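Residue numbering begins at 1 within each chain, and the chains themselves are lettered A, B, C and D in the order written.
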Amino acid sequence: MDPADEEVGARYSLRQRLYLHLEPTAWPRTGLSPANLVIAVLIVFAALLAILETEETLRADAPRFFQYAEFLILLLFSTEYMARLYAAGEDPRYRGVLGRLRYMRTWWAIVDLLAILPSLVTMGGQNTFLLRLLKLLRLLRLSRLGRFSRAWSAIAQAVQLRSFELLLSFGAAGMLLILSSACLYLVEGGEQPEAFGSIPRALWWSVATLTTVGYGDVTPVTALGRILAGITALAGIGLIALPTGVLASAFSDALRRQAAHDRSGQREE
Amino acid sequence: MDPADEEVGARYSLRQRLYLHLEPTAWPRTGLSPANLVIAVLIVFAALLAILETEETLRADAPRFFQYAEFLILLLFSTEYMARLYAAGEDPRYRGVLGRLRYMRTWWAIVDLLAILPSLVTMGGQNTFLLRLLKLLRLLRLSRLGRFSRAWSAIAQAVQLRSFELLLSFGAAGMLLILSSACLYLVEGGEQPEAFGSIPRALWWSVATLTTVGYGDVTPVTALGRILAGITALAGIGLIALPTGVLASAFSDALRRQAAHDRSGQREE
Amino acid sequence: MDPADEEVGARYSLRQRLYLHLEPTAWPRTGLSPANLVIAVLIVFAALLAILETEETLRADAPRFFQYAEFLILLLFSTEYMARLYAAGEDPRYRGVLGRLRYMRTWWAIVDLLAILPSLVTMGGQNTFLLRLLKLLRLLRLSRLGRFSRAWSAIAQAVQLRSFELLLSFGAAGMLLILSSACLYLVEGGEQPEAFGSIPRALWWSVATLTTVGYGDVTPVTALGRILAGITALAGIGLIALPTGVLASAFSDALRRQAAHDRSGQREE
Amino acid sequence: MDPADEEVGARYSLRQRLYLHLEPTAWPRTGLSPANLVIAVLIVFAALLAILETEETLRADAPRFFQYAEFLILLLFSTEYMARLYAAGEDPRYRGVLGRLRYMRTWWAIVDLLAILPSLVTMGGQNTFLLRLLKLLRLLRLSRLGRFSRAWSAIAQAVQLRSFELLLSFGAAGMLLILSSACLYLVEGGEQPEAFGSIPRALWWSVATLTTVGYGDVTPVTALGRILAGITALAGIGLIALPTGVLASAFSDALRRQAAHDRSGQREE
């Protein structure tokens, strides 16, 4: 439609066009190429299928559906893999048969293959526990597409810059967890040996309370235990405040820096 | 009382006055007109009635009260609808009979009609399940009145500006949900097939833990399961920190921009 | 110790000294006067006593202790009241017998009297339910002392400035509560009529979920109900983010303004 | 490797080298010395051991492991203590036998000794409840090492600067706790005397609700009780917002100031 689109269609060979549409870094405009958008939707659908497949009642209700869907995914992912392998020739590093073998040993090509193999084995009649979990790894493929990968690395960088603050927060959290567990173990250990009979046992209650999750499957019953639990719950607010503040500001810093970087990058183009 | 008030009262015809008082955008001063304030209170009251009506014990206690209140609401909303239809003639687009028909097909006029119809049907003796829910839609009418509609659109705009950050946060949340569900499914699936026997089942526990709601209706019982659950609960703090930070700053940005816009608008007047 | 202290001791009459020490606004230095500090501790102790007194097992364990403590509080609070009444004469408005009667009708004098009366009645052998709650009102007296009253009014002012944002947040929260209640009522009402049989009943679950309290006494059991509950729990994060951000910034604004005001006040002195 | 390293190795006597490596403030470069890093790992391992030791099933499974590990810790901590005692002679204050006795009476030397003694007693066959808790005190030793001690004092300073705000937040939280407990005691006390029969009993529910922990072991059952509980839960959001905001900003202020201080310190060097 716009001149850029015209360009993509008109002047390039099939392999060049495949490369432009499949390789996320090669796409000349912002956002995902239509081909990669379709693939992203397909990955989400395949992951959803792998999640639902673990539920036996659903498998029993529609055994055919899962089989057919799996076959379709196998077909589409295989086709995509072949197309990527063919298009990789546009990159000087992966030219020729030896180059293609080198391409197949790259990180992303292995991830792509790992997304296909479980389906292939499933087709052979097998559908074990482990296989289904392997299928979940397909979601990893999403992280390659588009801006996400760059955003993730920006976040990782920002977290690294504040690693000392986060370490300190987690250190304080750990100390608080151990302290409250030791207190409850002392006070409630005699009354409820099953739940508070040792510090590791009391830690289960401690984590649930300090993170304000509060399952309520174990709770102190003595008066002193409840007073200590109340103090722990109030201290939990502070425990949450520290890493929340650090993480939230690290996150917003990362995105601001990323945006500034993107803008300066576009200006250079 | 103030000159503006005098103006409204003195120089205009009945239809003009109705239009000024009923049409939120036509009211010359800040805030709601007295008529729309009364209508807002009425809408809240009608919605409250629709909520309480779903409780059978209350209906049994005071059957007459609900009938009479419903009738009153029908009467007042119908009167309001007629008044709005009559006043719509002030707008050149809705002049004449055809104009009024055109007005009746606008979004807000349909919402107003939808607020009346269920009461009308109720009067005819019917009071089904669905009807009561339709009555709740009356609350939608609130969103038209006064500054709220502008504030909402400002918020929508701000959220849209940060949609990438929010998408990223929700993506990370989704990944964390699936990851923790898969872990607990692996570890606790054998022990508690009812609660952790598949990833979709484990998701119920996962959502409750990562959002720190923590119902406690399902909890891991094995040592490894509890260690993973503790890590999930701690990760939940980070999960909450990211969208909280983004949403809070988007919200405050929107309101600041809205306030700046209001001020510049007043200056222009 | 410091010259200001010397001043207080040396040049004034007993009534003047009482007035300086008892009237919080008359104290020439920052912080509370020693007398008011003692009274503050006494108020906290009296409130603690009123709280513990409601527990029957404690009353049975140490009936004498509560009687004696109550008598002591009565004695001290009465003495304080008399001293305040006497010292009030320093204020031209409350001079003479008529002035003292006028003082006794002021807000704070009535609060002081209300803190004494329940103890007086208790001494007469009565100790009813209502009486114990009246004793809790003693805590109100704390709010008069020192900087707190000014800080509270600063906070109240700041909250008022952001009342529109808070109203909007609470409006959104209310809409979300009603929406999720209506959904769960539709989906789970048939399965669990006791817990979700009407919108008011479902609201109990809704509040617990959206505030991330999550008691777990009622939880959805159907698949669709759990999906909707999961969405509600995730939406709850946003619900908390908005008022938290607004309140936190209103609070810090208020304290900054208060601090600036205090500094400018000190400079003027 | 770098010149500083060469220096440490080449020019100093054994005692000087021990002092440089063991005394955290003497280490010429940023971070921990390798020796102190090993000791830090050892402290964490010893604390972990003390935590796991409280669990009887683990002690029964591997009685030898705990004995041997304890012996190893005793050996290593004793060696370290001796080395520190010997190296202390580098400090003019602790020179000679009398100086060493003076060193042994310093705060950190006592903490170091307290970390050894329980192991020594354990070796003698005893392994009581109290002894295991004493072993947890070993974690205190961590706080001496490296930047942490300075970071902690910076945080303590920042919290002190905002102590009035925090006091105010906690005061408001306390008032809210007492108010909601009193309300629930009034409304639910008759229905559930075990859980709400007195204000101290109702406080247990109150803390769990206001901190959004929500165990769910006690919940109101009457309609009015649930309405009040819902209001309490919503108020809990505000209760969390205030100290969270204050603590988060105090924390980030402290770290910024600390970083600025570190930079200016490095420039002076």
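Everything below uses one rule, namely that a residue touches a chain if its C-beta (ideal position, glycine included) is under 8 Å from a C-beta of that chain, and two chains touch if they have at least 3 such contacts.
As the structure is a prediction and not an experimental result, all values here were calculated from the model.
Different-residue interface: chain B and chain C share under half of the residue numbers found at their contact. Taking the mean of C-alpha positions as each chain's centre, the chain lying farthest from the centre of chain C is A.
Superposition of chain A on chain B using C-alpha atoms only gives a rotation of 90 degrees, nearest 5. Work out the mean CA point of chain C and of chain D, and you get 32 Å between them. In whole angstrom, the spacing between the mean C-alpha positions of chain B and chain D is 46. Residue positions of chain B touching 2 or more other chains: 212-216, 240, 244-245, 249. If the chains shown are joined wherever they touch, the resulting network links each chain directly to all the rest. Considering their complex, residues 164-165, 168, 171, 175, 178, 181-182, 185-186, 197-201, 208-209, 212-216, 219, 223, 226, 229-230, 233-234, 236-238, 240-242, 244-246, 249 of chain A touch chain D. Considering their complex, residues 47, 51-52, 54-56, 58, 133, 136, 139, 147-148, 151, 173, 203-204, 207-208, 211-217, 240, 243-245, 247-249, 251-252, 255 of chain B touch chain C.
Remark: chain A residues 212-216 touch chain C in the complex.
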